[in-house]
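Next up, some structures in structure tokens.
In what comes next, chain A is part of two complexes: it sits with chain B in the first one and with chain C in the second one.
For the complex of A and B:
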């Protein structure tokens, strides 16, 4: 559990007003095979207008950590510790509100209202038997106490904002009458409907085709500029992240292993997992036919985490004797750049080659 | 670049796969509506070559892969494998064909039977084609195949749930290799895998090809992955192949406006490049394959559409070395058609304006 103040350096895109600070977030589940530690000590700050990307593979804890913020998890068997302080105008008299300390009843006033969610699959996150108008107005009527008429007017505005043609006529359509991309726009409109301070986009474009994905990431970017909300973008796709994130946190086995602003993370990764991940990506128009660098082995399961650094069984470097016995702390290695390792990947490591080639190649082309 | 081209192994000519949907309307002499999943595709794959096939969901790329193996019946057209017409094969010939051409599916969770040990799943292929002498030899061969794909032979009696996604995909590949094929259709073989595992499976596929001289049809929506493995890449849109080129050439200099849009939409893992590069933005959605626009089927979304696009159905034409594209910007090559308003394609007698 690191207690270092995190991400305190303002980044481009953010105006420096903190809207959410998460400290020591731990999530575990009771299972037949013992307690599964899915999120192990997560700290992050989020500022107005900022996009934080949380990157990781399946099972790394990236989704669970954001679901835990508003307790969207079954408790028990789940257990959530730590704090998630939401600060904003009029929240807790300027002190902010610790979402995790709220009762279930009080928390419902925050879900959707202050923290909005956009989930991966618009097919399952929309209810097929209700019109999208009803699903869109539900939150506004509940949280903002709008009349049916006002809520419908606002719903039309929202649909126009997310680029759905003929918004007024489409309000009484059902989800199946929309294409996948249009459905995801509806889900985004629902996420935005109560003007939340924080929007959590959990693999929001993963189910979509690339041309639609480009439309949606662009849309969220422009809405963010317009509305000033902070976005947490959860994804496994490092390409998507490169285009939209101000800051990136890489998760592995329930903890952040590296965190930095986007440019630094791609140009100068220091954790062996981040370096390995970036080195393993094929790039359009480059290095065809050659072997891709790959990370051997599999990520550990949450019930049988290895001792020491969670990545050490797959790590080709293991440059410190403590790797196998001691859990490394999250250390600051540059302004806003933190790495959970006893050492940093050396400059002459062969895996750095493809990473470097990519970034310099990019500059050459631009 | 594409020095691996040997003789043609698989040739697809004017292939159509149409699926009937719904019922025909009474009192109207219209034919039963069909989904034109594959609508006039021609392709050639040479021995030992990898042809990449990219396109968005619903463009017909998987159906094309299935039809190439006659796992769905083509509506019309020809598929020739090693000179033989696959579409005309008898059951007996087809069985012989299946020894030489196989498939690896996308979802390693759905493509293995949870009640059958992985060794048996691989052994089944050997049994069907009578490829072993006795139980001992059979187990030996299965163990060899497991080792070939990077799994330990002792996992032979384990069940699929004991494996991770990447390991299951290796089992799927071992099963496809069991019959010593010349050609495999790989349908999104890495899409369901985690990022750190994708590179492992990609490397395995590349090695297998080098060692065994296999030809692949590599179907994927991930252009970066396709480029990495494929000598040539074909781009599909709404049932048609719109461009085929050397993979590197396609990445550098796509000629069809759809390929350009597709390439520019693929996110690049480099923030600097992401910020500076220009995107070709596509408006709207892909039209339904039940109601295909007349002329060029990309014209409803094409940023460079002009007046010829709705009256000529473009054919693939040469636009460079080892590079063809079906776009009228490169010359009005194609089949003249009666233009129709896309939204109501049934409307008769609409005359060309202008």
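For the complex of A and C:
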């Protein structure tokens, strides 16, 4: 149980009202090869209008940690500890509500209503046998007790909001009659339908082509400005993150290794993993024909985590003897900038070169 | 289905309700329509049979027994001088009734079992499906005979026996579909939208497994009618002198050698036509009920 010091600093773009605060979130699954620790002590705060990006490789626990917030995981093999306090108007009388302490039955009233989800693949996240109108209105009728008429009216509004032309006519169409990008717009509309405080976009643009990706991220950005919800954007694509995130949390092996506001993270990464990750980004127009930088090795499996720092077997620096034996704490190295390492990557590290080149040379792209 | 289709309401023909679009699409499929027409005729025969038949089912005309088809007796007469046409017509009643009730019971039971087993999984799935396996492992006729033998032979027992025999088939079809649908992202998505398990099963899983269930049901109707005929043939189904195709077929056996082919051919033909009609309709329904397949048919109509 990590009692991480949590100095939560409001960030530009957010108006400072906290809507969600997650503490000591731990998720593990019972497997044949022992307990798999998928999320290990996650803390984060989310403010109104803020976009938090969680980045990490496959299996770093980024999706699971957000699914765990409303217990959308199979619970007998899985186990969720910690707290996720949702604050907002009329929630628990100003005290907020700990989602993880709620029963399954009570939670259904929060899913979709207060925490909306947008999943990765728009091709499969809509039910093929129902019209999109029906799928859009379902949540509203259930959570907001709207009449069929009102729900349909609002559905048309939502579809217009997410930029679907001819919204009123398209309400009775089936998902297969939409293109991938249009479907993802519908999925976003469903996620927004009950006006949730928090919208979780789980790889929401990964399955889309680059042009559509840009449209969708832009759309979510403008909707966020309009509606003021907080967005958690889960992705492995740093390019997507750079464009939209206020704050970035980098996850590795189930824990946050570095967290900072977006500009700081890109300009001044301190954790060896973040540095490696940023160094591996290609720079347009430079280094053609050269190999991309990469981090050797693979992330550890959740059943056999290495002792000490989870990253140390792949780390080229290992500048502290404690790396192999002791789990590093999340240290505050600047305002709102936290790093889980005993040391910081020195300024003259060769890996920092490409990162610097990116920040100074690659301005404006992404 | 290379029919050059006539006009069809455009892709945005949303003024017509869903079920009418489905019907009109089904009507475009000639084989399925043929099946449907035959079934409608059969249902009418079953309902209005008693007032349509030229002779009573058990009205004997000993003088003209074993006569071939003629103007007076379209399908000829049997060994007791009864009109075969009247008996075949009224036999539809028994066959359809037994088929519909038996399949109805097995459909409800099988779907409920399949949904519960498939959605819940775990021990419930194991227990229910092993139970279904036990039922399934018996040969159909043997199990039905056993059930009829234990209970007392009556029309109700017959229906119950056939229902028990067909329940595992439906349960398996449903469970199999549920297992794959359950893992779909859109199920996860409605869960994330706050839907309860009951709601997910009823509103999201069931409609997704409905197409195979409906197709299976229409095929089961065909098999249920066959089973009923077989059991009646074996003498443990509908009891003579009541008119039933299977029983009549059995009665005709002794007279085939002497050339009275009509006694066997017409009840047999009735079984064949009915079973085929259900199968054709089932195939047509499958095409029309699948939304993806459906748009293929729709687009074929447009171009």
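We take it that the second predicted complex is superposed on the first by the 354 of 366 C-alpha atoms of A that agree within 3 Å, B and C clash if a C-alpha of one lies under 4 Å from a C-alpha of the other, contacts with A are read in each partner's own complex, and residues count from 1 in each chain.
By definition in this document, contacts are C-beta pairs under 8 Å (C-beta built on N, C-alpha and C of every residue); 3 or more make two chains touch, one makes a residue touch a chain.
Keep in mind that what you see is a predicted model, and the values were worked out from it rather than measured.
K.L.:
Kindly say whether there is room for both chain B and chain C on chain A in the superposition, answering fit or clash.
P.N.:
fit
K.L.:
Between chain B and chain C, whom does A:190 touch in the aligned arrangement: first, second, both, or neither?
P.N.:
second
K.L.:
Between chain B (first) and chain C (second), which does A:139 come into contact with in this model arrangement: first, second, both, or neither?
P.N.:
In the superposition, A:139 contacts chain C only.
K.L.:
A:303 contacts which: chain B (first), chain C (second), both, neither?
P.N.:
neither
K.L.:
Give one of first, second, both or neither to describe whether A:125 is in contact with chain B, with chain C, with both, or with none.
P.N.:
second
K.L.:
Counting only touches as set out at the top, which of chain B and chain C does A:17 meet: first, second, both, neither?
P.N.:
Neither: A:17 stays clear of chain B and chain C.
K.L.:
Which partner does A:83 contact after superposing on A: first (chain B), second (chain C), both, neither?
P.N.:
It touches nothing on chain B or chain C.
K.L.:
Between chain B (first) and chain C (second), which does A:57 come into contact with in this model arrangement: first, second, both, or neither?
P.N.:
A:57 contacts chain B only, not chain C.
K.L.:
As a test of reading the superposition: which chain, chain B or chain C, is in touch with more residues of chain A?
P.N.:
Comparing touch counts on chain A for chain B and chain C gives B.
K.L.:
Looking at the superposed set of three chains, what is the minimum CA distance between chain B and chain C in Å?
P.N.:
For chain B and chain C in the superposition, the minimum C-alpha gap reads 5 Å.
K.L.:
Which positions of chain A sit in both the chain B and the chain C interface?
P.N.:
None.
K.L.:
Under the definition above, what is the set of chain A residues touching chain C in their complex?
P.N.:
Counting only chain A, the residues touching chain C are 70, 72, 105, 108-113, 116-117, 119-121, 124-130, 135, 138-139, 142-143, 169, 172, 174, 176-177, 187, 190.
K.L.:
With touch defined as at the start, can you tell me which chain A residues reach chain B in the complex?
P.N.:
57-58, 179-182, 209-215, 217-218, 236-243, 245, 262-263, 266-267, 276-278, 280-285, 287-289, 291-296, 298-299, 358-359, 361-363, 365-366
K.L.:
If we count contacts the way the header does, which residues on chain B are in touch with chain A in the complex?
P.N.:
It comes out as residues 56-57, 164, 166, 194-200, 202-203, 206, 221, 223-225, 227-230, 247-248, 251-252, 261-277, 279, 281-282, 285.
K.L.:
How about chain C: which of its residues touch chain A in the complex?
P.N.:
Touch list, chain C to chain A: 11-12, 14, 184-196, 199, 203-204, 207-208, 210, 291-292, 295.
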